[in-house]
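What follows is a single structure, and I will ask about it in a moment.
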């Protein structure tokens, strides 16, 4: 089984997840600017989740570069990852609808944690089938480090949501920024490949 | 007609089917954990259907590996399969909405049976156009066996839903697991191809 | 501009059009079979439109086979076609919601007619850029004939919807079947290409 | 990182954005033609936004032709563009729902402006990585000119929406037509490439 269709299917699912979240921003009936006010937390949640799904798409792409043959285990691990990511729109909606209360904030952390864990499982099964390229191994090492930091951050933000939801929220934003800022180490390692 | 676009279109439709089901998990207004309680059966149904669509996507991919030219009959059989699979979100929603009552449970079995039968029709038309690869024939043989077991299981679960819905539900879960666990025979047969 | 991305974008839009129609089949709250009864006309309309979008996808694929370079005019004509096809879910929903009354039945015919006309415009611009393959020209000739019959049938069914909606409905079904049944002439002409 | 998956993901997101807007055209319950009357502004808004997303897709495609390697900055700039374009369905819906009042009309201009600015950022990062092809540089020059005119037009239409919304609306339509009419200069420059 070659990887093209795995990529195409994942791209499709991720593109739909990232886009259907916008359906949650219900169009208000009035044309006042005030009519948009209750949508602000929903809009912010959408922005955050858009960033996370975008990051996953980018990393997913990087990860599959070193793979040629796709195994049944990879397909399973990939479906598992997509399943948890498909929960992001729901967690996002609950968070935005309730203006960042503790429970929805904790659930968002739980979904991010489960997605992150699912990603690690997929990464393990990819690495086992793609050990040959030295520079990619280096890039993976840097990404694994970031992955571990993220996992700890998600886990910490679950109880912290009950102390003060905005601490968790700040953690989610910081982790997203950490991934969004281009990483010189990973860039260099990936460039060495060519 | 080459198969790339048939695959791309099928991937697109399957990716949308698997993802729009998440729109059925309506976001509750309260931020209590209790507000999520009525969503539990809907969430479980979603997980089951996600697994089934994922399995169909994987098998569909395997099946088309031995095809080079796509005939009009294959296109028709493929559209027929996608049509019945597109009914899965509805059957899933009805099952989850009614917390696994007999009628929705039976309908879910009927849709799985019709999807399975449509898949067999597509497979027949594929096999007629791709008889040359010996190892794939072997892989198909193992998959056909599983397909027959599934068909019998779906058929049995339709009347059993009226005896006790959870028997049917257990059957759906067991069949899904049977397909999800990587099959050594199929793996070996497919590997021999390369 | 090569045609791959035109195909990918069209496949994406068609896959979404064909699938979001299923969102119109609202899940009823009761678990009685009777609860599904009002959905029967919606389900039938969905099946018909699924067939039509599937047919357009298949023909679109055939048509683009002879094209290598995509012109700006083709892109415009293709966007125009996708626009009218994207109206099919609305027309389908209106028809199903009102159990095949005259006005919705006529609107469905209007949308089918506009889609068909848009397809002809695209086909003209494709033919101008792909005159070299003799066998495809023959296949196009047969498809053009069918296209003309369809156009006349759609036009006729608009006023006929006010005489008796089911006459129009029968016409839509007959035209769909005419396209779905594999055409020996087209098959032969396309096969001669290889 | 090669550009295929960037294109595929963008195509997917754009295809979904262009299609889910149709979900905003809610199906009326009556079968009277009058029941469709309140949908007219929604339908017109949909047509306009369909044109804009279609134009972005076409330009996006042209722009990526000269790129071989995709950098992290491009991925970020592309995600940023897709984010603002994903706001188009919301702005469209608000505009249609309120029959072209000042506020929604201004918001539509703001979203178009932000999308246009995001596109320029992406274009800058693309040009930095694809300076070699002379004819494409020429095509880009013509597209940049159009881009600047559009930006000024969007900016002007934001305050003008408070003078008279239909002035802004006319500007949006004129800009769309300016992009839709095939540009001889760009066509020639792109053709010179082959």
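Read from first to last, the chains carry the letters A, B, C and D; within each, the first residue is number 1.
Just so it is clear, contacts are C-beta pairs under 8 Å (C-beta built on N, C-alpha and C of every residue); 3 or more make two chains touch, one makes a residue touch a chain.
Since this is a predicted model, take the numbers as computed values, not measurements.
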| item | value |
| --- | --- |
| Farthest chain relative to chain D (centres taken as mean CA coordinates) | B |
| Numbering shared by both copies at the chain C-chain B contact, with half separating same from different | different |
| Between chain B and chain C, centroid-to-centroid distance (C-alpha), Å | 26 |
| CA centroid of chain B to CA centroid of chain D, Å | 37 |
| Contacts with 2+ other chains: residues of chain A | 8, 12, 15-16, 20, 23 |
| Residues of chain C touching chain D in the complex | 1, 5, 8-9, 12-13, 15-17, 20, 23-24, 69, 71-73, 75-76, 79, 82-83, 86-87, 89-90, 93-94, 97-98, 101-104 |
| Chain A-touching residues of chain B, taken from the complex the two chains share | 7-8, 11-12, 14-16, 18-20, 22-23, 25, 27-33, 47, 50-51, 54, 57-58, 61-62, 65, 180, 182-183, 186-187, 190, 194 |
